[in-house]
Structures are given as C-alpha cells and as structure tokens.
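Structures follow.
First chain A sits with chain B, and in the next complex the same chain sits with chain C.
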Partner chain A sequence: MTNKTNRLFCWKRELSVAGAYGGLLLLLAGAAPDFYAGDKFRTILVSSAPVLVAAVGMTLVILARHIDISIGSQFSICGVVAGFLAAAGLPMPLVAALTVVGGGLMGAANGALVAGLGLPSIVVTLATMVSFQEALRWERQGAKVMGPPDFYWFGLGQTAGQLLVVAGAGVVFAAFAWGLRGLAAGRAVYAVGSDAEAARLAGIRPGRVVFWTFVTMGALTGLASLLAAVRFPDVDPNMGKGLELQVIAAVVVGGVAISGGRGTPVGALVGVLLLASIGPALAFLRIPAQWEKAIQGAIILVAVASDAFNLRLRRHAGAGLVAR
Partner chain B sequence: MLAPALSHADPIQQRRGFGVTHERVLAVLLAAEVLLFCLIGHEFATGKNALNIIGLGVEIGLLALALTPVIVAGGIDLSVGSLLGLSAILFGKMWRDGGLPIGVAAALSLGVGALGGGLNALLITRLRIPALIVTLGSMSLFRGLAEAIARGVDNFTVPEHFQRILGEATAQVPVLAAAAAVAWLFLHRTAAGRSLYAIGFSPEGARHAGIPVERRVAWVYVVSGVASSLAAVMYVAHWSQAKADAGMGYELAAITAVVLGGTSIFGGRGTVHGTLLGLFAIVVLQNGLILADLPKELAGLLTGGLLLASIAVNQILSKLAKKGA
Partner chain C sequence: MGTLLRLTEISKAFDGVQALRGVSFELRAGEVHALVGENGAGKSTLIKIVTGAHRADAGTVEIGGRAVVENSPLVSRSLGVAAIYQQPALFPDLTVAENVALGFEPRGAWRRVRWGERRARARGLLERIGARIDEDLPVSALTMPEQQLVEIARALGADARALIMDEPTASLPERDADNLFRIIRELRGQGVGIIYISHRLDELASLADRVTVLRDGSAVATRAMKEVDRAELIRLMVGREISTVFPKRSVKVGETVLELRGVGCRASGVRGVNLSVRAGEIVGLAGLVGAGRTELARVLFGLTPADSGEIVLGGRAVAIRTPSQAVALGIAYVPEDRRRHGVILDMAVAANASLAVLRRLSRLGFLDLEGERTLAEEYVGKFSIKAASIESPAGTLSGGNQQKVALARWLATKPRVIILDEPTQGIDVGAKSEIHRLMGDLAAEGMAILMISSELPEVLGMSDRIAVMHQGALAGILERAEATQETILALALGHRGAA
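For the complex of A and B:
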C-alpha cells in the first residue's frame, strides 16, 4: 500500500465525483438555463460554507479511523453560545474566538474519552450527542436567541457578510487541504488511520493524534456554527439537527474511506457541493422537493458501491462486514 | 486489521475474574431506578403504568431486539428508523389508496421491510461495503422515499378497531414478549445464532471454521428490516396514524439500548436479556421522570452518562482482567 498508489486512487475518486457534479451542472445548463441566471449559485455557496467547514473536520476524524456523530449537537450549542455572547455586548472577533474555543472544549471531551480511555468513538459520540442535545433543550426549551444587530452578517450587511462567510470557509479549507498534505501533523493523521500500531512504531503517538483530531473537529464545528448563525438575525437552538449525518454523507461521497487513512479535503468539498446542489437543482428540473433526501441517499449508495467494484477494497475482505 | 478487533474485552475472563456481569449490574441499576421512582413518582407503581411503560418501549424494543444480532455480528444498522417510516407510509398507502384490507396491507408492509433489509444485506455482503456507510445511505434513501411518497404532508389515519386490536397493551405486551423470546432462543440457543458471535469476533476466523459468513450476515439484516416494518405496524396502531417522519431518531435510541445492555459495538459480545434491561432502563427513566415532575431532559443526560460509564467500566475491568491473567 504505497503512498503513491494511494494518491492516484484518491484523485481518481475525487475526479469521478467532480465529473458527476459537472454532469449535473451541464444537465441544468441544458434543461434549465435559468439556474445560472439568478444568485442561486451564491445561495448554494453561502449555505454550504458552514457544512464545508464541518466536513473538513469530519475528514480529519474519519481519516484517523474514528467518527463523530455529536457534531450536530455541538453545532447547536456553539450557535446559541455565540448568540448569547454577542447579545452580552462582546465584540464580534471575541465572540468568534470564544465560540471556536467552546467547540474545541466539547471536542476535547470526546477526544479524552476516545483517546484517553480507548472507548469506541461511535458510542462515545452517541452518548455525548444525546447529552449535549438534552442539556441544550433543558436550558433553552427550543426558544431562539435574539442576536444584536451587529451579529446578523457580522454587522456588515448581506453582501459583505456573505463574502466573509464564504471566504472564511475557503481559508479553512485551503489551510487543511495543504496541511494534511504538507505538514508532519497532517501526515500523522493518515498514518494513525492506516495502521495505528505501525504509526506508533514509527514514533507517532496515536492517542495524542486522535485527541487533537477531535479537538480540531470541535473547534471547526464551533466556527461552522458561527458562519451558519450569522445568516439569520436570531439563533435557532435546533440548527444543528441532522448535521452529523449530512456531513458524514458528504465526506463519504467525496471518497474519504470510513476504514481510515484514505481521502482528502478536496473530496469532501466536492461531496458537499454535489449534495448541496441536489435540492436547488430539483426545483429547476421541476421535480417535487420531497425527492431530495431519497436522491441524496441513492447518490451515497451509488458512490460507495462504485468504490466497492474497485479491486483495492476487495483486499479488506473482512473489513466489509465490520462497522468500524 | 485484526489487532483492534481483538483488543476488546474477553467475556469469559471478565466473568471468572469478577463474578459481576454487565447484565447483573444493569439489573441492579434498573431495580434501583424502579425503587426510586416508586418512592418519588406519582402513581408510578401501578399496573396501568407498567403497561404504559411497555407501550412506550415496544417500537424501539423491536428495533433493539433485531439490532442485537446485527451488532453482535460486528455490523450496525442505522436505517431501521427510516425503514419504519417508509413501511408505515406504504402501509397507509396500500390500505387507503390501494383498497386492500388492513390486515393484508400490514402483512405486505412486512415484505417492504424484508426488501429494504435485503438491499442493505446485498450491499454489505456482496459488495463488502462497511455496514455503517451502507445503512447511512439507505437511512437517507428510505426516509427520502417515505417523504416523496407522502409528498411531505400526507398522513394516514387508521380506523379505530385496528388501533384497539394492535395499539393497546393487550397486543403490545405479547408482541414484545414473543419477539424477545424468539430473539433470545435464536441468539443463545441455535447454532446459527451462536455463529454470529464468531463472525463478530473475527469474520475471517469464522470463515475458516466453516461458517457461511455472508449468508448469516445477510439474513441478520433482512430480519432487521422485517423487525423495522413490524415496529411500523405497531407504531401506526399505537399512534393511530402513519406519517413520513415516523420513527425519526429511533435508530439511535435502539442502538443506545443495545450498547447500554452490554453488547460490544465491535461485535462478538452481547445478550438479548442485556438489551431488554438496557431498553427498560431508558424507558423507565423517561416515564419515571415525568411522573416525578422532574425535567424530562434529564432522561437524555442520564442515559448518555450511563452509556459512557458502562462502556468505561467495561473497558477498565477488561484491562484489569487482562493484567491479572
């Protein structure tokens, strides 16, 4: 399993998803040219920016051969916290920093349980998902948090605010896409996900890598939540509902292998864009919007099934039957 | 690939070393919970409330019972809640728009569950895609189909006599008891059931021991699908309507019950009675908190904490047992 073939395989996967996305765009150009007329594209970009930021974090976690299903609850909590901090009169940069730190702390709780005690991440994050969600419901009872005027689009007005949201997500994406390729810490995540024991013998501390992956996941969730919350004047405490599965689906469609060690943030980006475009595309192709989820599900299954035809996956014969 | 799978607790060692099994600890905990709510709950210790608790647990219980063999065999099925919704909608559709007698429609919707489970089984065993991913995709697909068929707004109200037959304790108690008995006999008293432990512990080893791994695993997912649609019929009768968001989030509740009951998420370990204890620990908590006028969100917080504590204690015990051996 050399690095070189790994790479080639990865790009092949990302290119095929990008091809599918290109096909969808071409289909729209032919069947519904209006799609390109309005600001539909911009709307898709702005609404997928937070999902992309969370998907970058999820890419890290899945690369390290773990999973985090608590990010939906973390996302809601961070959004509410950001709303409260802003309402308390703190300046926006401080609000942003504190929200990211808050997310990082929740990620650290997951990371400590997973890496410190060696508990399975799917059970740990299932438990923290339920706990975070119920704690928030207890506190808020579903009531929205009214943000101050300078919270809505960072107080910059819609156009500049949208630009800032997309740019923020773009910077995070670029940093991680580069860092995972070029930094020792990034390569360590791949190493631990491919084979934790081999990574340990190579001088990497798998526990530490896994812990910091979860902290990063939490911090990115905090940032994502802020980017999502500023799009509305008030913060909905249910804003993160179902986000975890949406993000995992996008990452998996983008070719990040659930068995760890394989995939890139570029794939996650293509996956996020493809899944986010289905809904708007349906509207333009005059297909009832209720089909969106079914089509997304079918895309996930087709994407992973086409992977399975690849010879490489056959090598992991036993792994196919195991959840994690 | 095998090293992480082998690192989890060895059940035999654990039992010899401490004499406390996960199930016994959980049983004591459940008893304590019941005792506490008898003291602080209003009208908790009544026969009516006991039936009420079973009614609350029947749908998730059916899902959890079917998920136990799935997880024991090293898999997972996230699609059960969505398949419940899809079966419920198709059940309503066949009865109201298809003009079928309600009993026939209910029987046919069990076939829907078998088909849905069959799709999972096919992708997992033939294409060897991780179960987590397959069922994540089919979770979205089934829920999406349910929404598309219901067109977002439609729901079906079933006649009152159907609700009286299947929607009350007189049906819920025997159905849950029968499902539990079947699951227990299968998992603990048949060769096929026992072989799932071998498969969960090491699929490759099980294959070398002559177990038809793919076939066994495929059936486990088909049965999980049928259980989801049975839960759908019970749901429709219980709440007297079929709607597209039926069973939303039930998959996580059912998995919580199974894991709380001592089944290892890596497979190879778990019991049906453990799952039942896990289920009732959660349901009694939900019911008791409401009757004791305590905030109902505590149920989720305590369940999450309990889940973490139980796997952490298991992990520490198994590490100690390994050191002692």
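For the complex of A and C:
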C-alpha cells in the first residue's frame, strides 16, 4: 500500500458517509430542485449548529470509550439558565461564558462519578439525566422563560444572528478536529479509549483524561444550548428532550466506534448533516414524514453493521500480515 | 487395568510456533499419572486437547477406547473427562448444589428443576469425598480449598473417569493439601484415572504412579515414579542442547543504577527482594509462572506500589507510586502481553512510538507532529521495523515488529533502567535474535536491563547475572559462569542447592 492510498483508507468511513450525503443532495437536485431554491438549506445549517457542537463533545466522550446520555437534560438546564441570566440584565458575552461554565460543572459531576468512583458511565449519566430533568421540572413546572430583546439572535437581527450561530459551531468544530490530532491531550483521549491499561503503562492518567472529556462535553453542551436558545424569543425548558439520542446517532453514523479509540469529529459533522437533512428531504420528495425516524434508524443500523463487517475484515487482514 | 485415555502422536502449532510435536500419552484406570515440564513445555496445550478446548493439528485422541474425531468440551465431558484448574471455575453467586447440578439437570417435561433431588445429589457427592460443606451456601462464601472440593464433587457428578488436576495444591495450605491427597487416593481406588500436573516434585513422589516429562513440546520420557528421583526429573525437564547462539557482548559494567533492599508488596505477594542492577548489565529474572516475576516488575513500575523495603535509584531512595512517576524517574517497562498492553493496535506506529514521550514532544500541549515523525522514522530505521508506513495501525504489523514498536516507545523515554517482560515470547526466530541484538546494544550504551524470561536458554545466553524467584521471594542469584539450566530450575522449584 502506498502512503497516499493508506491515508485515504484511514478516512474511508468519513468518505462513505459523505458519499451517501452527496448522493442524497444529488437525488434532491434531480427530483426536487426546489430544495435549493428557498432558504431551506440555511435553515438546516442553523438548526444543525447546536447539534454539531454537542456531537463534537460526544465524539470525545465516545472516543474515550464512555457515553453521556445526560446531555439532553444539561442542554435544557443551560438554556433556562441562559434565559434567566439574560433577563437579569447581564451582558450577552457574560451570559454565554456563565452558561458554558454551568455546563462544564454538570459535566464535572458526571466525570467525577465516572472517573473518580469508577462507575459505568451509562448508569451515572442515566441517573444525572433523570435528576437534572426532574430538578428542572420542579423548578419551572414546564413554564417558558422570556428572554430580553437582546437575547433573541444575540440582539443582532436574524441574518447576522444566524451567521454568528453557524460560525460559532464551525469554529468549535475546527478547533476540536485539529486539536484531537495536534494536541497531546487529543492523543491521550485516543490512547485511553483504545486501551486504558496500555495508556496507564505509558504514563498517561486515564482517570484524569476521562474526567476532562466529561467536563468538555458539559461545556460544549452549554454552548450548544445557547446557540439553540437564541433562535427563539423565549426558552422552552423541554428544548433538550431527545437530544442525546440524536447526537449519539449522528456520531455513530459518522464512524466513531462505540468501542472507543476510533473516529474523528469530521465523521461526526457528516453524520449530523446527513441525519438533519433526511426530514426536509422527505418533505420535498413527497414521502410521508412518518418515514423519517424509520430511515434514520436504518442508516444507524447500516453504519453499525458496516463497522462490524470492517472490523472482521481487518482482523483477517491483520492475521494474514502476522503469518507472513 | 483398562486404558481411559490414549493420545497418539499429537501435534499442535499456534501462529507458526510449535507447541506440541508428536506427543503420545496414556492414562490407565486407577492410576495417578503426573505430568511435569517447564513453563511452556506444552502441558496446558496437551490438557486443552484432551478436554477439547483446542483441536490437534495431527494425531488421534481416544477416550474410553473410542476414537474421538471432533473433540469439544461437550464431547469430552460426556465421555467422562473432567478438568480442575488452579483457580476454581465455579459460579460464585450460585449455591453449592446448583453448581454441582449445572449441566446435569433432569431432562423431563419443561426441564423443571427438582430442588430436593438436586440437593440430595450434591450432598451424596460431597459425602463420597468426605467433604462437610453445606450445599445451600453460595460458593462465594466458601474458602478456596472448599471450592476445590466442590469442583471435584461436580466432576464426579458428571461421572468423570478421567480427572485432570492442574496444580491443585498451588494455593492450598498443607493440611488441606493432605486432605486432597487422601481424596485422590480414594478416587484412584475407585478406578478413576487422574492426570496430575504439579511443580512440587516432592508431592509427586508420594502420590503419583507414573510420570511423563514434557520438554519443548515433546514427551521425553514416561517412567514409573518409583524409578526416578528428583535430580533425574530435573535433568529430564531441562536436558536440551543450547543450540542458538546468543549475541552476548562483553560490556564494561558500570555503577549500580537500581538497588532493591527488602522490597515487598503484600497485595501482589512479593516478599523481601534484595537485588541490584548495574549500568550495562543484563540481569535475568527466572522462575516459574506465578513465582512473582511480573509482580516484582509491576512493583518497580508503580502499578502495585511496594509497601515494605526501599528502592534506590542512582544512589537516591525513591518512592514509586504510579507509572507516571516511574517514567519520570527513568524506569521503563515493556509488559508481557504485547498484543494487549504493549502496543495500541488501533493506533499508528508513529503514535505508538511517541505515546510515552507526549509531554516532551509537545509545547504548551501542542504536539510537534514533525518531531513525532522524526522520532518514529529514527526507530523504524534503527530497529528495521517492517511497516507499510509509520501511519499504519500497529495491529497490521507482525508480532516481532510490534515488539520492536513497544521497545521504541520505551527507549524514546531515554530510561536508565528498562524492564523487559518476556521480550521474545511468541515471535519468530529471526525477530528474536534481532531483539537480542538490540538488548546487547542497549547494554553497551550503559542501560541497566532487567529481563524476565521463562526460556532458560535465553536467560542463560543473555544475562550477566540470574536472579531466580520462588513463591514471591528471591530464591538465589547466580553468576553467569555458575548458572546452568539445572541450577536455575532447582532454585525455581524451591530446592536450595539441589541437583
């Protein structure tokens, strides 16, 4: 194998999902060119921005061979907190910073329980998911929070606001996509997720790495929540419902292995875009909307099955090399 | 006496490494047949072929006079073979009666469990071996010797006529061992045949009727136990010619780098080890599996920190409580299980090589990717690592090349002391001698090397001094000139000054 094809091989999964996405766009261009006429595309981008930010965080957590299913609840809490802070008259940059810190604190709680006590992350985050959610319901009773005028699109008007939301998500994505390759900390995440014991033998502290991935996940959830909340004049305390599944699905479709250690934020990006486009695409193709979930489910199944298949293929290839 | 079990010309290879070569073995009814040999001589493989866990590449297996073509754990068990391992393989949360009954439930309608019958059966079997254990207790509430008795009862319940016991006394106090011997003799009287694996040659002398010695995958002798003494057995176990030439270089040995003074760790069973390693010196650490060699390495690397004694590094007493402290102090540890923890199979060769020096290779957390590439290319060249590119996942490399990547990772830390745990296990001959050559180079550069190896020729060929461990403690230290396979094995078996 030459160096170049080897490189391409490494991006195989991201490329095949991107290919599927490209196929969908082409299909739309042929069957329903109206899709590109209005601002449909822009709407998809803007509504995907918060999901992308959360998906980047989830990529970190899953790479470290963990999972966080409490992000939906964190997302709702952060949105409500942001609304209150803005209503109290704090300047928007401070509101943003405090929301991110709030998310980080909730992530730290998860991280401390998982890394400090060695509890399984799915159970810990299930518990925090329920407690965060119930705490919020007890406090808000489902009532919305009215934000001040400068909360809606950061007070910049819709066009500039939309641009800021998409740009913000893009910057976060680019920073993490690069950081996972170019930072020692990113390397440590991959090492811990692949083989925590080997990483420990190499002088990395797996507990610390896991703790900080959860903190980062929380902080990014806070940011995502802010990017989602400013799209409406008031904040719905149920805005995060089901977000965790949406995000995990996108990340898995994008080729981040649930078994840890393999995948990239680029894959997560393609996964987010693909899943977000299914719904609008169906509407333009005049397929009943009920099919959206079924198709998304099928895509997830295909993605996971192809992972299993590839893994088996690689094992065989590996065995062949060893024998030689 | 009838023959319960007959193996004829059994051969088996794993990944090109020959584990058994044409071994023939026979077990008669009413005999205790001992199976002895060094680590890696092929005892476990032979047992696994009898129980059907592995399938032989060549040769035939006959159980109870019937040729078994497709052996499997289910088939061998139905033909009356049962195995009892060092660590009891019971279900800790089920009761004694449930454990004994497992797999032998009545075949009636609905497969309904008859609790009364189940209990009575367990009680009967336990009585047959004279064990007084409440059959309603969960197994986790029993002591280790009691669990072993439950395993024997379970084997008898399966109507086992050929019983395999793998080091059953390894973790038993003497009194319980005596009880076990009494049961074994009783079973022998009832016509059960027993394959008995043990490193305790003394107990074999009083217990076994015949003994078969395995060496390097071949059965070198089967004798009546009365006809051989201990010295003869040891000679049979090691009596091989050292054919490989080891590239041992004479290196000027420098100052003491690492010194252990009475180092112990209760949690891992290491006791009072006094040992020193000097610059440019290779100290071989020999001993049987479970003698505490890897445990000692893990103590030195801070994985299970020492709780007694003193570790002196470069003349200074140090506390090593975590691997990252050990790395910072200049200690490197290349672990035994290369495929699991030596290299990370999913990660690229370059990323594997730099994993232990990420801190040195980065500034303010930013990785110097160019520096990483230089580092990886340097070691790929120096060690002639065969990989498609430094970006290929380590899992695509051969075992020998993976081991070189693991070595590269640790040499990149520029250690003062390197601990190599079974550095050449399971890799082919060519790669093996390359690793040996590299070890010589490292010693010549003044590194202190502690090499754990179960291969006596390797220990003898590469070491300046040989420390032998037995049951967690140091049994003795031999100079290169005075060490022979016999003296090492005698120390490893716990016979001071024998042979």
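Here, the second predicted complex is superposed on the first by the 300 of 324 C-alpha atoms of A that agree within 3 Å, B and C clash if a C-alpha of one lies under 4 Å from a C-alpha of the other, contacts with A are read in each partner's own complex, and residues count from 1 in each chain.
Here is the rule we use: contacts are C-beta pairs under 8 Å (C-beta built on N, C-alpha and C of every residue); 3 or more make two chains touch, one makes a residue touch a chain.
These numbers were taken from a predicted model, which means no experiment stands behind them.
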item	value
Touched partner set for A:291, first chain B, second chain C, both or neither	first
Contacts of A:182 with chain B and chain C, given as first, second, both or neither	second
Chain B versus chain C, judged by how many residues of chain A each one touches	B
Contacts of A:197 with chain B and chain C, given as first, second, both or neither	both
Shared contact residues on chain A - chain B and chain C	197, 314, 317-318, 321-324
Complex contacts: residues of chain A adjacent to chain C	1, 3, 6-7, 10, 181-188, 190-191, 194-195, 197-205, 261-262, 314, 317-318, 321-324
Touching residues (chain side chain A, partner chain B) in the complex	67, 113, 117-120, 122-124, 126-131, 133-135, 137-138, 196-197, 245, 248-249, 252, 258-259, 288-298, 300-301, 304-305, 307-309, 313-314, 316-324
Touching residues (chain side chain C, partner chain A) in the complex	15-16, 301, 303, 322-324, 326-328, 333, 335, 340-347, 351, 354-356, 358-359, 361-362, 365-367, 369, 388-389, 391-392, 395-399, 409
Parts of chain B lying in touch with chain A, wherever the complex brings them together	1-5, 7, 71, 73-76, 123-125, 127-134, 136-145, 147-148, 150-152, 199, 202-204, 213, 217, 252, 255-256, 259, 265-267, 295, 297-301, 303-305, 307-308, 311-312, 315-316
